[in-house]
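Structures incoming, each one as structure tokens.
After this come two complexes, each holding chain A, first together with chain B and then together with chain C.
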Partner chain A sequence: MFQDILITGLVNGGVYALLAVGFSLIFGVARIVNIAHTAFYMLAAYLVYAFLNIAGLPLLVSVILAVGLVTALSMVCYKLVIEPVREYESAVLIATIALALIFQESLLLTFGGNFLGSPTLIAGNMDVAGVRVTYQQLLTIVVVALVLAGTWFLLHKTRLGLAIRATANDLEVANLMGMNVGRIAMYTVAISVALAAIAGVVVAPLFVVDPLMWLAPLVTMLAIVVLGGLGSLKGSLIGAFIIAYVEAITVFTVPAGSFLKGAVALSIMVVVLLIRPEGLFGVAFEEER
Partner chain B sequence: MRRRMRAVLVAVSAAAALMVTTTQAAEKPIKIGIIGPMAFVQGENHWAGAELARDEINKAGGIKVGSQKHPIEIVKVDSNEIQSVPDATNAMERALTQDKVDFVIGGFRTEAVLAMQDVAMDYKKIFLGVGAAHEQLGLRVQQNYDRYKYWFRIAPIKSGDLGKVLFAGLGAIAAQIRNDLGKPVPKVAIVAEKAVWVESIVKAAQDNLPKMKMEVVGVWQPSPVATDVTAELSAIRRAGADLVFTAISGPVGIVMGRQMGELQIPAIPFGINVEAQKEGFWQATAGKGNYVSTLDTYGEGVEITPQTLPFVNAFKKRFGKPPTYTASTYDAMYALRAAVETAGTIDADKLVPVLEKTDLVGAAGRLVFDKLHDPVFGPGYVTGLAVQWQDGKKVAFWPNNWNGVTYKGVQTFKIPPQMMQKKN
Partner chain C sequence: MRALIYPIRRAYILLRTEVFALPSRAVVFLFSLALLLLPLYSTDPYVLRIVIMTCVFAIFAASWDLLAGYTGQVNFGHALFFGIGAYASSLLNYHFQLSPWITIPIGAISAMLGGILVGIPCLRLRGSYLSLATLAFPLILIGLLFAFPGFSGGELGISGIQRLFTYPVHNYYAAVILMLVLCFAMWKIGDSNTGLIFHAIREDEVAARASGINTKRYKLLAFGLSGLFAGIAGAFFAHFIRIAGPSTLEVALSFQAVIWGIFGGVATIYGPVVAVFILYPLTEAVAVFPALREYRLLILAIVVLLVLLFMPQGLTPWLRNKIETVCRRCKNRNVFWRRECRVCGTELH
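Now for the complex of A and B:
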């Protein structure tokens, strides 16, 4: 059972990490709670499905187009929907909820409520430490590792990354130092949504594509970022694996309660909020932030 | 002379007016609300089955009420019940008060149908259920007849009867495992989504399977909307299950089928998997759902009654895909027509005793209601089918010599090749 938990937690934790890191990034930089984050993930999954199965485009082209289009759309959405109300956190929250619902209903109208399936990128499976995993799952782990390494590189080794980190550290000072914080916020939204889009195209062949597929990961992702600390990338990464392992342990130790894995994740979130509101690696909310 | 002319003109005008009124009365349609989640396959099939019946009945002149024939008008009522139960009750209320439908047919999700049933009963309107299996819907008729007598279930058979079909199917598959793999006591993993309707099935399975010489190795209850069950499948594989007994209505049924195929889990999935009943299942699992088997209502090429194949073929010709069980709105429309024509009225109170005496050979079987207004289950009545996905086609394999019942068109159940490594 131990190796089952180890492998299952690793695979699921990787997908969660992709989503949570993006969500945390945009909150850390611009204090934007983007509820539509997983709706962008859903949109990417739909696009890759449509390009592959309806338009008949090659796989790589479909993936690149899906990620590119969703990222571009996020920048448009930022300009039209988020930026005008950016100063008001509750308005941003409501605006992004509305955005997610618009995506959901648009997909429902376009594709219907049918459940769709994308072909696996690499077919087949193998046994790892006695646990059977598909090549698609292994590919997911590799992609997650590469993307997270790329994100780290971008944030720590480039000028844009430096600007993003400076803005995250202190938005007002960054502004006073002459940085265009609005533009940095937009770039951060794009990077954050690109991470969600990559998660979408990677998991589309693992999961089922449907217009409500954004809801379940949203809840899990919120639990992860609260656990790890809102705005903390390291926290999100560690939080993702903690939640994934807790879910795996729940399924393996309480089989009849496997539906509870989401509830267990939320319970952890509530406990963390009560004991350490800033999360495991979060920065305490200070008035000037 | 002029006065006489005027009198003639008045008489002609009055006669013409009377004729117009009479013609309008004769053409006044009977309005039937078809309620279901219209953006989803279940609702699409509700509507498609009703459309087919409406066109056939109207082509034959409509429904005869007393001496006059009335055409049928069907009204599409989107309950959105998969996403929201309050939406469903609002839709039912709107159909009854604004659209002023005379009857309602449809419903899918038990939680929503229970709520919609109450609304229909408040207005004393006949509600023919096509979609929800929970026993409570019928028990209400027994517990409070005066209030709930307007409810009749057309399809599917109630969950207790579904259980009987499940165990009959399981027995047939277990016999094949014993025979082909030489395993005297097949191991069964129960995978039931966490929902009200599965409770009695899970309990019955835990009680009955040991009596049927099968060993229950565990019960897994994922969420109906879970997107990943690899953890559950790893545990099931480790438990050495030969059969995965499913009770699933949500999209987790697709995930289950697909991931079992991808991970080559050496076990046979059989039970209720609503998503596997749909034509889109093969695509949704990206072709990985081979050997997944489930209960169903219709099967291509399977003749349950003389009405089955004409209905299935006409449905496929018109809509480009075979019907799923919520297309039993077709049988519901014919049951309603028979009752109205016998009673000579659309008055609900007068129709109830006539509907209770229904004996109709429909596309899904012979429809007769019991005291709970549920369809009578068993040989000679409604039995349902068990089907298996075999290389992209849904093939019916049960009933095959069950209590003397073998439907024309049933084929052999196939054991997945990865199971053969378990051969003793």
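Now for the complex of A and C:
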């Protein structure tokens, strides 16, 4: 059981980390609470399912196509829907909710409400310390590690990353230093949605896909982001693994645990907020005026 | 004879000087009258049912506005109060066979206590942290309900609850009068001294505290009041559809409140009510056509998106600014065609 918890926590934590880091990034740079974030993740999962099982494309092509298409779509959505109402915070909020609903309904109409299972990308499994680990789970862990490392490299070693971090730190000063803040916000949207899309692609064969699959990870992701501190990438990463392990421990040790896993994870978030209102790694609030 | 004429005359003067002086108030007055007279025209149970549901959700959306719009505590888990109201009243009705006349007030009071209980941790949070943390509370409650299915009915919920009235028309009047009274009460609260303090907390909490306002107490008051009104809506809803299920606590319902509130225009009370009266019957009307039934949520989302692109502050503030102008001197509102202010006589435009 201990090993089960270890593996489940690692796989789920990796997926949550991809989602939460992307969400944190876009919140930090553009102050957008993107409710549609996990809807993009769902869209990528569906696309990879369609390309593999319906169109019959090879694996690598369908993965790249799915991630590329979803990222392009996110930039179009940002330009058409978010950018015109950027000044009005509440309008941005329900614009993202409406986008998520539109994705959900379009998928429901195209693919139906059934649960669709996709065959694993790589078959087979191996034994690690007496636990069966499928190659799919292993692949997920490797992909997550690589992508997170790539994101770190992008943010810390490139000029674009420097601009993104500067904008997140202080939007007005970054603007005064001659950075095109609007364009940086769009690039950040693209990066963050690409992370969500990669999470969706690796998840599609692990779980089944259905048009409501965006809701559960949305709530978990928001809990992680709040737990770790809004806008803090380190916090999101650590928070993701905390929540994933808490869920795994609840599922494997408590009776009726699968009903309670969400409640326990969210209660931990509430407790942390009571002790540290800015989350684990968030910056303490200045009284904003 | 004089005793009879006097109140009529007073009512006439009130109507002429306060209600019909402004087109927005006149529209609200005529619309309320139309709602009350609707059963004379049609007693089709389907129509009555839609209006009853609309009224329930109008109370719910307006109570969200009291908390999120006025006080600025943007609540993403407003379904919690609706669900507490629904579950508390139906558990009492189901297990102890109490009459709805007792269970609905108890449900409302439990929701108010729930609101205060949730408000206490939220006192330390602000902005986006508060929104995202409040999203968690209804889901924690759903987890607990699912863990004890014997008590709460699990995923199926509690069914077979007593109705408030047997006849649809009686239920209709109960819902419409409840909606009108509660929404007017909320509007009055928003217009009162307390409402002014709520506005101050939203605009600048530090300044409000510096002016000697106990902001913690007022924030808890906002949570409690909002919970109370949402709880009444939830309890009435449970007794009307005769089932209290986990759908009353879902994320979808919380988001629905946010959509209604922002679509109609925040910090107005009448905004969310107007939004519910447009969007809810619209989705039901779309469902009448079999070809469009599957598209109704899609149509709803697209309508909301398009309206927001053109009116980012919401529907009612946009409309109101088109038909009314604010006097520069006394800040009273006037019909757009008036040349001078109806109160202070200053030249407009």
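Following the convention adopted for this analysis, the second predicted complex is superposed on the first by the 282 of 289 C-alpha atoms of A that agree within 3 Å, B and C clash if a C-alpha of one lies under 4 Å from a C-alpha of the other, contacts with A are read in each partner's own complex, and residues count from 1 in each chain.
Criterion: a residue touches a chain if its C-beta (ideal position, glycine included) is under 8 Å from a C-beta of that chain, and two chains touch if they have at least 3 such contacts.
Model, not experiment: these values are computed from the prediction.
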Touched partner set for A:270, first chain B, second chain C, both or neither: second
Contacts of A:88 with chain B and chain C, given as first, second, both or neither: second
Partner chain(s) touched by A:33 [first = chain B, second = chain C, both, neither]: second
Touched partner set for A:262, first chain B, second chain C, both or neither: both
Which of chain B and chain C A:248 touches, first, second, both or neither: first
First (chain B), second (chain C), both or neither touched by A:153: neither
First, second, both or neither for A:1, with chain B first and chain C second: first
Footprint overlap on chain A, where chain B in one structure and chain C in the other make contact: 108-109, 215, 256, 259, 261-262
Chain C-facing residues of chain A, complex: 27, 33, 35, 81, 84-85, 87-88, 90-91, 93-95, 97-99, 101-102, 104-106, 108-109, 215, 218-219, 222-223, 225-226, 230, 256, 259-264, 266-267, 269-270, 273-274, 277-279, 285, 287, 289
Residues of chain C touching chain A in the complex: 74, 121, 124-126, 128-129, 131-133, 135-137, 139-140, 142-144, 146-147, 204, 206, 251-252, 255, 258-259, 262-263, 266, 294-295, 297-298, 300-302, 304-305, 308-309, 312-313
In the complex with chain A, residue positions of chain B that touch it: 37, 39-41, 44, 82-83, 193-194, 218-223, 225-228, 230-232, 234-235, 237-238, 251, 254-255, 258, 262-265, 275, 280, 283-287
Chain B-facing residues of chain A, complex: 1, 4, 7-8, 11-12, 108-109, 112-120, 123, 125, 131-134, 136-137, 203, 205-208, 210, 212-213, 215-217, 247-248, 251-252, 255-259, 261-262
